[in-house]
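Given below, in the form of structure tokens, are the structures.
Next, two complexes with chain A in common: one pairs it with chain B, the other with chain C.
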Partner chain A sequence: MKRKHKESLTSLAILSPSIITLAVFVYGFISRSVQISMLDWDTFGSFMRKAKDYVGLKNYIGLLQESRFQTDLWNTLYFTLFFILGCLAIGILLSLILNNKPKGGYFFQNLYLFPMAISFVVTGTVWRWIFAPGRLPNDPRGINLLFEQLGLDALQWGWFTSTSSFMGFNVALVAVIIAAVWQYSGYTMAMWLAGLRGIDQQLIEAARIDGASKWQVFTKILFPIQKPITLSAIIVLAHVSLKAFALIYAMTGSGPNNVTDIPAVYMFEATFRSNRYSTGSAIAIVLLMMVGLLIIPYLVNSFKEE
Partner chain B sequence: MLLKKSALLSVLVMVALLFVFSFSAMAQDEEVEIFSWWTGGGEEEGLNALIELFNEEYPDVEVINATVAGGAGSNAKAVLKTRMVGGNPPDSFQVHGGAELVDTYVETGLMEPITGLLEEWGVKDKFNQQILEMSSYEGEYYSIPVNVHRSNAMFYNKEVLAENDVEPPTDLASFKEALAKLDEAGVVPLALGDTNKWPAGQIFETLLVATLGPDGYNGLWDGSTAADDPAVREALVHFNDIMEYVNDDHSALTWQDATQLVHEGEAGFNIMGDWAEGYLKTLGWTPGEEFGWMPVPGTEGSFVVVTDTFGLPKGAPNPENAKKWLKTIASKEGQDTFNPIKGSIPARLDADESKYDAYLRDTMEDFANDTLTPSIVHGSAAPEGFITAMNDTINEFISTGDVDQAFEKFQQNHEEYVK
Partner chain C sequence: MDDKMTTREKVLRYAILIAFAVFFLIPMYVLLSTSLKSFSEVSINTMWQLPSSLSFEGFREAFVKLAPNVLNSFYLVIPATLLSAIMGSMNGYVLSHWKFKGSDTLFALILFGMFIPYQSVLFPLVQFMQTIGLYGSIPGLILVHVVYGLPITTLMFRNYYQDVPDALTEAAKVDGANIFSIYRHIFFPISIPSFVVVFIWQFTNIWNEFLFAVSLTDTQSQPITVALTNLAGSQVVEWNVQMSGAIITALPTLLVYIIFGRYFIKGMLAGSVKG
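So, the complex of A and B:
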């Protein structure tokens, strides 16, 4: 009994540095942000005076009424949705192809994974060049120029400068989604491939002998087995999509009429460009809640399993 | 064994040397840290020339050139704010005169007044008084303007205009006619690159000056002009008209890209601050030969001003050296060293004209005679909260074209951020 007590004390002592830093730098700062988001610190002066003038939820209500923030929420929703779907679809397809061990498979496996190693800032800058539309129809640039030379003029459009939208979906996001999917589908591929290589081949062979089609093997065997992997991939991709700040900031900025704006970009501009510290904190807290919305069900689920 | 000994010895020598170096660095306590975002072409060379001049006069003071690159100064401003709030100010820093200085740092009590220094050096009446006024608060001056840019400038490709038989416009009506004519001819009438939003806001603010007049415009910031003045709405209508004639891909371009369109002969006009003149020169053009200039139509007699100034923060580690720096940049020689290289005009009115090119000489004359109006988007007229709010409003307005909505938002922003 005494020894056990000593052991737990030792482990607590060893853990305490990380517990304390976690408490201060994560939970302390979150609660500080919550506090600031309920103050009226929307000028540099009030920030410097550190005035404790609480305004309750005023900053949040103001945000939700702003057209820019509303657009941001729609953009996040659609971006996250299409980004995850795109990464899953392309990643799973690639992993299935590579799992058949085609010639040069090892080379392509690495090739598809490479984009993940590059920072969003670099890829954002390059994709910006690719999707810069130029002046249509006479002076196309980037991918529009490629389309012209291939005789596919019909495919030319304004890409991330387009301001049209469809059911709240700003089509300019397509360019950003392509860039993000390009960067992260390799991640889904790698996770799926690792899972596929662990599946007993006899299982699949047995199903094939029983007359299952390739599609049935995929939907009835592979996909159910890979469900935990897919779920983890979705969780990781979802939080990547909420952190797409660097990609958007380097590639398009908030765009005309905020067509490619996301809350993180707005948070940066509100806080560091316009000294609206309370509004910036409120956006940060909304972002945190959005992450929570995704992560908490996952955590609850995994605790239950344990 | 021998090897080990020599290795140990060399390590000891290294450590000893390090100590010597660090002590010698400590002995040189005569230094001054100058903070700016001058890292680009022209401005960096200008700053270096200024530092050289400073060192000629004060050879025992070492200048620490603390620059933060990127985002046309917005990165530097964020860094500066953190340092000021954290009680770790540089000895002197670059800041746009007007609200950016007064609203952010003077009202909050972070700056030392320098009125006494201006009088002591006898330079107070050498400056354009309107520009000194911009950095004053409750009767004291807080910074020294080192240069002046004009942001209501318009540049045009002479060849493109001549080929299409377009005369340089004289007012907003003839400007729109000229734009329409160029549009028909199939060239981009007005080059715009507003991926960073402010270039569009800058066009709008010059139109505000045009419709309100310089005094009406200046009144927006002291309360003598109401934000619901019909002239504000009028400016929005003009802006909407003019936006018909910009390049389609404006939101994918930066201001440099837009100026390049004029240089390449693909566009006729470009409304941009006169740093574009410096850019056109680096592209190989001579002012007056390949390109012409004028104030934005409707703003003749007004000079929308962007001025870089340096002040003295409270708690500066080397205030005496900072004062030496301020004295250098306030001097005629300092201003004439920096500005011809940077491509701006001096804030003093007694500069040596022979050092400046044709465009800058022309601008110096306007600067002495016109009514000065502080720029919004460059931080001089209004608090930073208003700037981003206005840029956002204009950014949305370009797409929606809804004049009444934009007018209403302008008033809301004005009420919320301008006191």
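So, the complex of A and C:
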């Protein structure tokens, strides 16, 4: 009994540097952000005075009424949706083809995955140049120029400078979504491929002999088996999209009329560019709650299974 | 199924594979061809053409501007990777083989740190670093990356050690080994592959990281990712220099991917399988 007690103490001692730092850096700082979000530190003066007047949820209510923040929420919704759909569609398609082990498949697989090794900052820098629209119709640039040279003028448009929107979807986001899908569809492919390799081939062959079409094999056998993997991929991708700060910062910034703005960019600008510390903290806490809504049910579920 | 595949299907399959290969290579083409042009040739009208003659002007200029930042990144990434891996390994070891009352809850509390959007800690973090005098310094950024790296490294090692049978530790205990000697003589040696995976994962993530880097450093201590975004800040955007800078930024992690691809993929999959 005594020995057991001593063992626990040693275990705790080994863990203590991590416990203490994480207690401060995660739990302490989140609490502090919550606190600041309920103060009135939206000017440099009030921040310097360390004014202690709590304003409750005023900053949150103000945010929700602000058109920039409303745009940010729509942008997050559409960006996340199309980013995930794009990564899933391309990733699954490629994994199905590569799972048949075509000649040169290994080469293609490695090629599709390499963007995962690159920083969002690099991705943003390159795609910013590719999607720079130029002055249409006479002075096209980037991909618009390529379209002109290929005789596809009809495909030219303003990309991330476009201010059109459709049901709250700012079409300028298409450019950012393409860049993000470019970077992460290889990830879905790798996840699916890892799962497909574990499926018994006899199962599929038996279904084929029974007359199932390839599409039926996919929808009735492969997709149900791969559901947990797909769900994990969706969670990770949704998480990535909420963190897409670096990509947007390097590629477009918030854009005209905030067409490519997201809460993370707004938070950064509010906090570090315009001394609106409380508003910045409120945005950060809204982000945290959005991640929580997504992650907590998933975590509870996977711990239950374990 | 391959033998039953018709020629038409085969052609279609390769057409898809090649179309996506082109999609994935477009940015690489733009990067390489632009970075090797001279400034006078980097006109918008010729952006899709190969350089008429190879010029290393862009690379030379980017290198002069970015060399200190490349060094900063290495000073940051190497210690942060090593420290977070070693601490994660010890944590994972204790949490899988020396469980105590509440250790599973503790593990869940540690894990929580990998899911938070870092914006939610950012401003207090900046203030804290200023208070302890580490703001704007590489050691400060190392500390931040070690701490926020702990959840994922702990998870990866714990998952790895969980497959080691308890009988092994029990037997060693009977022989009089203690918690440290069992780690040193049994767990550390068998976890070399796991260390490789974690090293690569942390190296890539910390090298590529931007939010902490841009919020916590000054001009002296900027890592390469921040310096790259600042290259665009000058009045005339020299795209050949920009693209050269982007290549310099991407090269170390790309090399890691090319050399250790298998481990890279392992880390990527391990990083996503939670719990």
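Worth pointing out:
Note that in this section the second predicted complex is superposed on the first by the 303 of 306 C-alpha atoms of A that agree within 3 Å, B and C clash if a C-alpha of one lies under 4 Å from a C-alpha of the other, contacts with A are read in each partner's own complex, and residues count from 1 in each chain.
Please note the rule applied: contacts are C-beta pairs under 8 Å (C-beta built on N, C-alpha and C of every residue); 3 or more make two chains touch, one makes a residue touch a chain.
Remember, it's a predicted structure, so these values are computed and weren't measured experimentally.
Contacts of A:Leu287 after superposition: chain C is touched, whereas chain B is not reached.
Once the two complexes are overlaid on the shared chain, A:Phe272 sits against chain B and chain C alike.
In the superposition on chain A, A:Lys243 makes contact with chain C only, while chain B stays out of contact range.
Of the two partners chain B and chain C, more chain A residues are in touch with C. Contacts of A:Gly253 after superposition: chain B is touched, whereas chain C is not reached. In the superposition on chain A, A:Leu299 makes contact with chain C only, while chain B stays out of contact range.
Applying the stated touch rule to the two superposed structures, the overlap between the chain B and chain C interfaces on chain A comprises residues 134, 141, 272.
Across the complex, chain A meets chain B through its residues 42-45, 47-49, 67-68, 128, 132-136, 138-139, 141, 158-161, 163, 252-258, 269-270, 272-276.
Across the complex, chain A is touched by residues 1-2, 5, 10, 13-14, 16-17, 20-21, 23-27, 30-31, 34, 44-45, 47-48, 87, 90-91, 94-95, 98-101, 103, 106, 108-110, 112-113, 115-125, 128, 144, 146-148, 150-151, 154, 178-179, 204, 207-211, 214-215, 225, 228-229, 232, 239, 242-243, 245-246, 249-250, 253-254, 256-257, 261, 264-265, 268-269, 272-275 of chain C. Residues 7-8, 10-12, 14-15, 17-19, 21-22, 24-26, 28-30, 32-33, 36, 90, 93-94, 97-98, 100-102, 104, 108, 110-123, 125-127, 129-130, 134, 141-142, 145-146, 149, 182, 186-187, 190-191, 194, 204-205, 208, 232-233, 236, 239, 242-243, 245-246, 249-250, 263-264, 267-268, 271-272, 277, 280-281, 283-285, 287-288, 291, 295, 298-299, 302-303, 305-306 of chain A touch chain C in their complex. In the complex of the two chains, the chain B residues touching chain A come out as 74, 77-78, 81, 85, 103-104, 107-110, 186, 188, 195-197, 247-253, 266, 383-385, 387-389, 392, 395-396, 398-400, 417.
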